[in-house]
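Down below are the structures I want you to see.
Common to both upcoming complexes is subunit A, partnered first by subunit B, then by subunit C.
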Partner chain A sequence: MSISVETAKEHLNDPAVLCCRREKGKLLEASDLEDPTLFPDYEDSGLLELPDNVLKIGQVLGATLDKTMDALLPLTPDVVDNIQDPSAQDDEEDTDNAPATEDATPASPDVTATVANGNVSNGVVHLSVKEGKGIELDVPLAMVNQGAVKNAPSAGETKETTSQQEPEVDEEVVRTLTRKHFKIDKVEFGDETKIDGTTLVIGNTDELCKEALENHEIVKDISVSVITPDDYHKYTNSIMDVQPIATKEEGELGEGVTRVLDGVVTVLTGTDENGVQVGEFGSSEGYVDENVMWGRPGAIDKGEIMLVINATVQAGTNRERRGPRGAHEAADTIVEHIREALKKADDSLVVDTEKIEQKRRFGNKRVLLVKEIMGQGAMHDNLILPKEPVGTLGAQANVDLGNLPIMLSPLEVLDGGIHALTCIGPASKETSRHYWREPLVEEALKDEDIDVVGVCLIGSPQANTQKSYVSKRLGMWAEAMGLDGAIVTTEGFGNNHIDYGENIEAIGSRGVPVVGITYSAIQGELVTGNKYMDAIVDNNKSKWGIENEVLENNTLCQEDAIRALAMLETKMAGGKIKKPERKWNPNVKLNNIDLIEKATGKKIELAKNEQSLPMSKKRKEHYEKDVD
Partner chain B sequence: MSKLVLPLKESVGVPVTPIVNKGDHVKRGQLIGKPDGLGANLHASVYGTITEINDEAIVIEADDEQPADFVKIPDTDSNLEAIREAGVIGAGGAGFPAAAKYSRPIPGGHLFINAAECEPILGHNVSRITTDAEQIIRGAEYIKEIVQAKDIHIAIKRYHTNVVALLEELTRTHDDISLELMWNRYPEGEERAVLRDSGLYKKPDGENAVLKTTELPYAANAIVTNVETVYRAARAIENREPVMSKDITVAGRLNGDNKMILVHKDVPVGTLVGDILSEFPDMADYGELIMGGPFTGHSTTLDSPITKVDGGIIATIPFPNLHGEKVGLLACACSATPARMKELAEKMNADVTGVEWCKNAVVNPKTGTAKCKNPGICPGQAQTILKLRKEGAKTLLVGNCTDCTNTVMGVAPKLNMPVYHTTDFARRAVDMRIMRNILPENNE
Partner chain C sequence: MTDKRMDYSSEIDKLKYSSTERVFEGVITEVNDVSVKIDFKGRMGKMDIPRRLLITEYDPKVGEEVGWLMSYPEVLDTEANQKYLGALHEYKKRMAKIAKEKEKGRTKE
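Showing the complex of A and B:
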């Protein structure tokens, strides 16, 4: 089917294929081109073969057909004259839109502002839309039923609003969290655990390990080692968790003052006594530099020292709840000693003091962040709200809490309120450090156009009946809270996508706009769907859309948080959500990012993926064996 | 002569109320029915006796003697009134009362005389120009004056080179008349396509615009009227002649296997199809009789009458027997309706597994007919064909325009799906190339 000018703009980076027979000399326009979302169907039926040198839509709009061509033939450089340079076109568009963009930066405030002024009192939203002047946000969508989550664009066109239309926002700082950073550039073993300048000394390791084992019978052996940046090409067992080393100096978790070590993280690894890796869907054992996606919120940053605590659990318990749980708790007794030392460290060693404020912006749209966490049991569990950041003591396991929705303040999340045991696919699980640096929470707190009311953690139970039970409670919460919008995230893929869908439905069916975030792409295709799942952001970063066992590769990053917030604000403002493409298409995300950048005038840094890492044996043999 | 049947409702609007009685003897041109509201006067098309008046029609038994003179329409104050009195209606098929159409002025606008004759096979419009071009041009000028148009545009396909030359010669002294030359593609001649391609209706950005499917040419300050309608209007004004007859193309294997396209001018309205075909005692077996053109016509019977809007009688070749083949129907807004396509499929002994409209068809749920968003310009058909295939179709029956048929032929063969076109049987009956891959005409 031929496409409209608007559709063509959303697919500038997609292949250009003639929809119909066109004669030589035709000046190519959108109506001559086939809809790229249909290509998978056509390829499946043998109607279409896309050669490597097929031109992009952005290159052929305005170009001339050099040869009479039949329907569904791809346009290649040899049949098109005057091929356009889409980047030049982009610049031109930027210039055209410049006045509107400047006035309207960033996009989201306009959406919200217009809506807020749109007489929220009577619940009617008036949104002025003016073509060409507005901001277009292209946001990805879920592919429901068909499986793969696709990023499909949504065009929420909003007109810039004048200043008198700004909503009355009553900003209030609810609580503040101060992080004091201590720089560590060396970790060594000694007699006493202490912070000595910028050196972390770990005292009497044997004693620490012995103590750790004493209280955790299930753990048969535990060891502590250090991997320094110049030694990253080192083998480790599967990484169960990455944790910041932090402790409370003052106040309870989520407020007051927290001390944290920079430059070093705890990395928990493990196997059972038979050497079986602790993991369910894949494991990340191997050389660190090949199996860790540096810099993800939940991963190790390149340049950091890894304090590796390796636990060996009783044979066969690697997939039982008590095995991984024991490993985490045993390791935490070791880390606890470092926390104590950190508490004692002299304040003069603080290199940076960071103040994080939780603001309520009363008058803005009330948005709840819902983080679905794994609660199926075995290693799929999370310890919620320990006494110490990412500790274990004092925390309750969400499995024990029945996986019911639990409300945390955003600062509780960022202060290590979740000790993550989760161990589904390494590329998509959220580690403890992920919550410490949760990009969606950070971006939402920064967003001046919404009022973040809280972060709700909801477990993903094993049984379907339990899934419905907890989802229904979430829906009732959403109703009671009178939300204007919600973002639901999940980690992993597969089983948990059932409750992910139910959670979105529970909120969406109450008339609350919802946006979902999950890894899906090719391998994590959604197994269920409902009509409220019309706005989904895909966390995938991997080139091939798969779970490739590279730690944290496909987790929620800043770019995903920005897309989700842009989408939610569009949706809350009554913006249109376009239908998803049939198959996963990474170009849609890029198109969306382009458009958001254009609308906001801000550059969005895209995270690198596994292609930036040396090829691991596993990738070579399993995931990318067909790749040259 | 024989029996003629004049339907009470020949035009858009209300049927006429008969003003004659059974047993009355009527003269040719005599007013026999008047509409009570929007509609058109009905006149006797022959000398004869009213033998029946029912809810549908007035039946006249024609006299053996048929003098050439006729009953003239009454004197009128204006040309528009003459057109109204004469019962002129759109002769191109739509049947809109001409006087009603012309009574809405388009000051400074454009009057389009549609001689494109967009249906293949039909030739009576062009034939009429060859014999009566002068009167047609005078008629166009009368109408232009009535509607207060600025200029006149005659749309005609360029391959009628002789007629184009004739019109160029005759309009040499008319600064207000220009020719719009069209390609021999379907549906060049659709009024919204004519307007779009004339270049007189523009979008703000200067590109040629196409009227919305709900809009009439008035929206572009234009009127599009069929060339025979103009001729009949001119006859009404100058000859005081009511509409009593219709030009008809008669086509098919009319004499053994000889494939013929004949034009019968001035066939009395009400003449039965069978009486026209009785002139061809040696005609070959046919599949069906089409009233109208191959694309938009409908099947008819020997006892159906010719009305003021009918233009063609085509006897098709016998239908192939598909022996229950699973066929998907792809319907086009400018062509056969799904109902008509199902009728054809049944005649081909095919099993219809699915029906899809072309993406550009905007369907009127009341009538089941459709209008095309952008006539003659293909919006792509691959997705629709895949859908039909998914519904079980192994073969396609399509009604598409030239451009879309080309698309279908770029798709269906790759899926190993044979293609039939609804016009195949009519075209084959006159030895006309069937619709498949249609190449563009030579520009020279």
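Showing the complex of A and C:
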């Protein structure tokens, strides 16, 4: 298919191939050329073979075809007369960022910063601009270090960036959240629920469970048990959620003071009356030490005590919205008692006080974080903004809110503002705990080069018509906010990738650079695409790129957040992100990590994957002994 | 970082018949909050898939036809995977236990 003049301009350095049969003597123009984005497909099916000496599009536009040629044949020097100089064709391809000195022309972001190579002298960095005809810039080191640290490339290995005008930043702390940590190293059952030194006592479990069941008819049975770190090789049912135990001491959720227990987490598990696991399909039931990816933001940390609350829901309702919802709410009734006790605990027991500030950095690039959450078929729900951290009371389900974009402050997210019911595949589901320590939100808050405007939650409905409705609203938000950049993430994969693409387009089409984060690799290959999806970070950690049942294995971690922010800042500065390879290649990520580490001088800890878990091959003996 | 570089081969390389994918059609026989059940046309099987794996313009309805590409499933290894086998046995054991208890409860009444 022939291309337009604009497309030709965007692909001046790509190979020139005739789209159709042309006669000798034809003055070559865009409409004679084949779309370069289709070349990989043609090459795969053997329709096209590009020789080493194939000319670039920039070289043939305005040149003359010296020989009658058929469609899909590459243009080489022997068949083209009057080969052009491609730099003459090149207008401003990219958004420009005027370099630091005033003498420079506004053109050409094609600047190669040499800071990474240490070409520094007399406290300035010498930059040479390739285009714009011999302009040389001397930029004060301080300014370029700001820009250079963020010029770390992306989906590929580009090293292009622009030095940026240092903005006048007006920093303002808009709200603060103080987290008081209480250490727990033992969980016991007793008469009264209380925090006794470093022991959490759960009082009168029978009464607690009875109360939970009374208020939630759909839950037929509920029980509380403890799994300690020395005995992780214990069986649990399908893990529905992992939750920190926290309560408000002062103020509303998202500000003020919150108390949290360290060393223990609530783990909600469940089945229906017939023993069928609650979960979509294949879930993370089994031995804890084989099925949990320790240390992920949304998982249990090794060394933590698990307070397991197991709910049994009415037969068959594990496939209905009300089943899991009932289980979560019933469990919350029990946790509420612990919250009450935590509120009463003495201040002297606080082991650590953490202050989390939400800063607006007015003057910096305005960046919105968008978290696309599941909103299909109502078993996938997130309860937004309960009264207590990770509670259920007072919260609204995103499905009930029409899946429309909801704005939260970063602190509301980190303070347990999301109670996740998401029953998608365990490897990519984001549990409640994930939001409590959301790596993207945490990294973005620390980033001094951007102004995080907020965190927008947007649901993913089932039907395409509804998806469009919702994405368009996100686009309008983006427009009204006047953004300079956005990061769009989604949990899981499937048809939510359709509106994931639409969400990126809704924002991107307003001229706002967007970076995406999602699980993709082999199993979650994106189903649709658009031109705004040119910078994506893959959450995959599993060795073979396949979704598995290891809890939280493929969720967003710090290393993904770091890459996404580096990519976004490269895009916002006018830098280029290299095209991805045709198929998933795990080395792309490793290359990016290398580049970022070199540019920032900071080591990035890579998260482990399921290969680090014990794989018991002898379970057959263990089980088959007493079958039947 | 070379020690971290993987000499990887994609899962798709494990498949010897990957290009046997062809169009299948089916009919939705049940829609619930979690999944959609589909009967293959030609009585060639049935499947129960999570809703997020179904592409649809409007909310799915029983009786609607669906189409998709599928290759013939290939057995990947001559050895059964012990981990899954173990989990399956364990599961069946539990289900059997629960069924027995239910039965006991019923006969008591």
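The rule is simple: the second predicted complex is superposed on the first by the 447 of 628 C-alpha atoms of A that agree within 3 Å, B and C clash if a C-alpha of one lies under 4 Å from a C-alpha of the other, contacts with A are read in each partner's own complex, and residues count from 1 in each chain.
What we mean here is this: a contact is a pair of C-beta atoms (placed from the backbone, for glycine too) under 8 Å apart; a residue touches a chain by one contact, two chains touch by 3 or more.
What you see is a predicted model, and the numbers here were worked out from it, not measured in a lab.
Contact with subunit C, but none with subunit B, is seen for A:Asn495 once the two complexes are overlaid on the shared chain.
When the two complexes are overlaid on their common chain A, residue A:Cys19 makes contact with subunit B while staying clear of subunit C. Judged by the number of subunit A residues each one touches, C leads among subunit B and subunit C. In the superposition on chain A, A:Asn403 contacts neither subunit B nor subunit C.
When the two complexes are overlaid on their common chain A, residue A:Ser45 makes contact with subunit B while staying clear of subunit C. In the superposition on chain A, A:Pro586 makes contact with subunit C only, while subunit B stays out of contact range.
Common to the subunit B-facing and subunit C-facing surfaces of subunit A is no residue whatsoever.
Residues of subunit C touching subunit A in their complex: 1, 4-6, 8, 10-12, 32-35, 48, 50-60, 82-83, 85-87, 89-95, 97-99, 102. Looking at the complex, you find that subunit A touches subunit B at residues 1-2, 19-21, 23, 31, 34-35, 38, 41-42, 45-47, 68, 70-73. Per the touch definition, subunit B reaches subunit A in the complex via residues 359, 374, 377-384, 386, 389, 403-404, 406-407, 409-411, 414-415, 437, 440.
Only residues 235, 273-277, 280-281, 285-286, 290, 318-321, 374, 376-380, 423-424, 460, 462-465, 492-496, 498, 522, 527, 543-546, 583-587, 590, 593-594, 606, 615-620, 622-624, 626-627 of subunit A touch subunit C when the two sit together in their complex.
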